[in-house]
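Here chain A shows up in two complexes: once beside chain B, once beside chain C.
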Partner chain A sequence: MYTLGIDIGSSSSKAVIMKDGKEVVSSAVIQVGTGTSGPDRVMGEVFKNIDLTPEDIRFTVATGYGRFSVEKADKQISEISCHAKGIYFLHPEARTIIDIGGQDAKAIRLDAKGNIGQFVMNDKCAAGTGRFVDVMSRVLEIPLSEMGNVHFKATEWAFVSSTCTVFAESEVISLLSQGVSRENIVAGVHQSVASKACSLVYRVGVNDDIVMCGGVAQNPGAVDAIRKQLNKPVIVAQNPQVTGALGAALFAYENVKWLPED
Partner chain B sequence: MSTIFELISQFKAIADDPKKAMDDFKKETGKGAVGIMPVYCPEEIVHAAGYLPIGMWGAQGKQISKARTLLPPFACSIMQSVMELQLEGAYDELDAVIFSVPCDTLKCMSQKWKGSAPQIVFTHPQNRKHAQTAANVFCRAEYAHIKEELEDILGVKITKKALQNSIAIYNENRAACREFSDLVAANPGLIKLRDRHAVIKARWFMPKEKHTAMLKELNEAIKAADKAPFNGKKVVVSGITLEPYDVLDIFEENGFAIVWDDLAQEGRNFRQDVEYDEDPLMALAKAWNAFDGCSLATDADKPKGGMLIDALKKYDADAVIVCMMKFCDPEEFDYPILLLQFEEAGVKHIQVEIDQESTSFEQLRTRIQTFAEVL
Partner chain C sequence: MDSININEASSKELLGYFQAKLDEEAWEAKKAGKPVCWSASVAPPEFCVAMDIALVYPETHAAGAGARKASMDLLEVADKKGYNIDICSYARTNLGYMELLKQEAMNGEKPELLKTTKAAYVPLPDIVITCNNICNTLLKWYENIAKELNIPCIIIDVPFNHSMPVARHCKEYIADQFRVAIKQLEEFTGRAFDYDKFTKVQEQTQRTVYWWNKIAAYAYRKPSPLNGFDLFNYMALIVCARSRDYGEITFHRFCDELEAKDKAGKYAFGDASTEKHRVTWEGIAVWTFLGATFKGLKAQGSVMTGSCYPGMWSLVYTPGDFESMAEAYTKVYINTCGSNRYEEFYKVVSNSKSDGMVMHLNRSCKLMGLLNNEGGEYVNKKMGIPFVSFDGDQTDPRVFSEAQYLNRVQALSEMMDAQA
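Then we have the complex of A and B:
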């Protein structure tokens, strides 16, 4: 039995096909999100190179910011529940999840059975999210994919505030004009993201088993800053951008697993 | 007997158009209206003058522009909206405006009133719990000051008898509101959340005796109604307000029913009566000093968490939703205390941000949907 999870975020579209709620058959990521060609393209991409068609899918769960715009979905579940489900599947030891996506940052506390005990997410503010890093990478003229490598060349981190993306952008410009090295500014940007993310983690409670997911988890600089600020090990989930879609596919399976095979 | 639908439509029409409610009152009585700024004004004094006390709670989804030049960005959205309306002249038809100043924003707002109506500013005592006798005397003096200023501005005499009568009318309204809240809680699928809100909000814009009469009719209609199907979750809500309507719709979409509210715009105004005292101003003063559970009403014992947990048990509710007014620092200061009390008692809870100006609710939708899934 095949199920599909589709996660339409603010800046990327992700999909996962699972077999019997146990095995990932295919996954895909398109780096544009809701309101773009991303949702259609990710559906094409996830069926590419596998011997399945959309007709083979028994149940589809949509999640993410654009979850209500996925016409083919049988059900919509929030991305917080889906990330928790996906992370617990991959890392049953996880008790705290940090999910930093394009425009949201969340901290989720799990119990030993994978149930959500508490969760918090950022308010209407891009500070501490993927968009924040994206804006800064443009100002610094460093490709987003390089931000992590540049971070580790810093000798110290320059202070970049974590209250507002627009203010922080002007701070970065000011630091550049003062001749502060770009490496140190990058480290400061990641420190700023860490400070925002950790304030969420402190609100749900800090445990030893911390797993990070979402697009920002692919940035080793941001992960390093969070590790240092929490002074705890932080595991990066395997393929961290698709854990929401994975959780959605698992929820989809739970909806139909009791049905007889066709 | 009117149907539930007909009665709710009447309440909604009043809640959604305070200007018309005020004009109707003026036409009917030949008297005017006195603006009541949030929160906890002894409205009974205005009522005893024969004028309509009318709540000034801003406007939902209103774009703020001119007010930005007068208020810092961290003033709450109610005050931003009230300032914008002041500058547009929306309050110029009022005969007076009464300001309480229980928070820094209200204190500063009261000193930069831009409407043409005369304003009356009064202060609640901070020592109300540990020096109650002195606090009662102080509060009574402040209420006497409101009464005297109103008499001067309106050119009327507010008699002791009229004040006692108004207190009785308000107590009757409070009892009817409590009954309404309990009836809705007992049949949670029957009344939509936005309708519950409108019924209660309408009391800010109409004479309380009229509100009571309509509400008693509605209460009877609810009692006569069949039990509506409901398989959602029952919640207790706490905060300053629970608006815009879109927020209530998101609660509804996710199967939440409000069984008790601790909102400054709603239940906090009617959960306790004003006890009789030979001196009606002292009766009002004592009532405020006895009032518990609002971040704006100083109380070092912080009983709010316990009150919410008690309500949760009483109404067999599943969770507490803290509706945090954005930039309301007294409420924000209290939240960490609530959080510890909830965690200790094993109470399921969530905090959502309330911003009257907001027109986009996707993050709220995600939080509320997740909370429903967790419950």
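Then we have the complex of A and C:
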């Protein structure tokens, strides 16, 4: 039995197909999100190299900010629940999740059964999220994919505030004009992300088993800064950008698992 | 203003009728050369009512403007006057509105916005009365009105209760404030205060409060015949008419309707199966998105059954006893220490049999915000039920994001499902 989870975020679209709620058959990511061609493209992409068609899918759950725009979805579930579900599937030991996506940063506390005890999210401000790092990479003229590598060449981190993406951009420009090295600025940008994310984690409580997901988890520099600030090991989930879609596919399976195979 | 049959009208019709009547009475007083007083929402109205002074409530006026999507225009008037966005949006809406009324009074011509605004048309005050039992912004806000209009300002100064129960010296101090306020009103009107009438007004206030509390208690029934959001609508009369019989008549009728609904097996959203979850809403309503916040919960099958906020007007005291009245006006939950507030919050959540809590992080009202995380965590530890918080504002629509709200409310519903 195949189920589909689709996560339409603010800056990317993700999809996961699962077999019997146990095995990931296919996953795909398109780096544009809600209101773009992303949702359609990711649907094409996730079926591209497998021997399945959309008709083979028994149930589809959509999540993310664009979840209500997915016409083929049978059900919509918030990304908070989906990330918790996906991470618990991959890491049943996880008790704290840090999810940093395009415009949201979340800290989620899980119990031993994978239930959400508490979650907090950023409000009104995208400082410290994926969009923040994206803007800074453009200002610094460093490809987003290279930000992590550059981070580890820093000798110290330059202070970049975490209150506003636009102001932080001006700060970075100012630091560049002062001759501060790009490496140190990149480390400062990641420190700024860590400061914002950790303030959320402190509110739900810091546990030992911390797992990170979302697009920013693919940036080893940001992960390093968070690890250092929390002074705790932080596990990066496998394929961290699709854990929400994975959780959605798992929820989809729970809706139909008692039905006979077609 | 159309008249209605008071004995046959529904509570909803009575609510609309009496709200309009209060504004009309204020205008009649103004036209007759009698004083009009602008009052803070939890300042005691008993003194002015006993002296036949018409009352207008800026907070309720601003909330009404917000609900009618009319607050933004008034906020912009305040913005242009230089008021900072960090100031309470009730204050800014009211100060913007006052500016329009002032222009009308000075130029003899209504500014265009005053002609077109959907905010209720109310007269300028001749005196103001405020009380710092719900916030300290009210002091500067009302002083500002008094200074701009060159009118008297009566302040009932209420100390913060750092411990509970209320200390005797605090009650005595507040009772003395009441006596000073009476003296100020006597000087202002040139008339002697009628203490017998005052006691009657206090008795009326107690009857209104009795019925108000009874309405809220209907939500404690499971399933609830009361949609808790209705408290936000009916609140206008506990604020503006608790010392008149308008509130009593309306609330009594509403209780009768709720009793009949309950007996007929009709609940907040229909039959019993529509009540999937029960939630406590903490904080002032998002008046500018009242429908959206209500529908967001309803879509998840979540009925609001509890809130500390409407309980601010549960002002129970003994008529004729100044210190008892002083105690009622000072122990408003947001004027008390954290431990008392959390316990009050816990009582509401447990009495309302809530499965979860929705906390409005209100940019305008920092004082109420204290219950949001600390209070939520306190109740979470005692009852194990989840809570979510969202950013919003009572009347400044620029602060609220519907998508973010809906996301959190859906997540709360899923957490409640997981616990069921």
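In this text, the second predicted complex is superposed on the first by the 262 of 262 C-alpha atoms of A that agree within 3 Å, B and C clash if a C-alpha of one lies under 4 Å from a C-alpha of the other, contacts with A are read in each partner's own complex, and residues count from 1 in each chain.
Here is the rule we use: contacts are C-beta pairs under 8 Å (C-beta built on N, C-alpha and C of every residue); 3 or more make two chains touch, one makes a residue touch a chain.
These numbers were taken from a predicted model, which means no experiment stands behind them.
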Superposition on chain A - do chain B and chain C clash or fit: clash
Which of chain B and chain C A:S161 touches, first, second, both or neither: neither
First (chain B), second (chain C), both or neither touched by A:S145: neither
Touching partner for A:Y65 - first (chain B), second (chain C), both, neither: both
Contacts of A:S174 with chain B and chain C, given as first, second, both or neither: neither
Touched partner set for A:S37, first chain B, second chain C, both or neither: neither
Footprint overlap on chain A, where chain B in one structure and chain C in the other make contact: 65, 76-81, 115-116, 119-121, 123-124, 203
Chain C residues within the chain A interface of the complex: 361, 373, 380, 386-391, 399, 401, 403-404, 407-408, 410-411, 414-415, 418-419
Chain C contact footprint on chain A (complex, rising order): 65, 76-81, 115-121, 123-124, 203
In the complex with chain A, residue positions of chain B that touch it: 326, 339, 351, 353, 355, 358, 360, 362-363, 366-367, 369-370, 373-374
For the chain A and chain B complex, residues of the former touching the latter: 65, 76-81, 104, 115-116, 119-124, 203
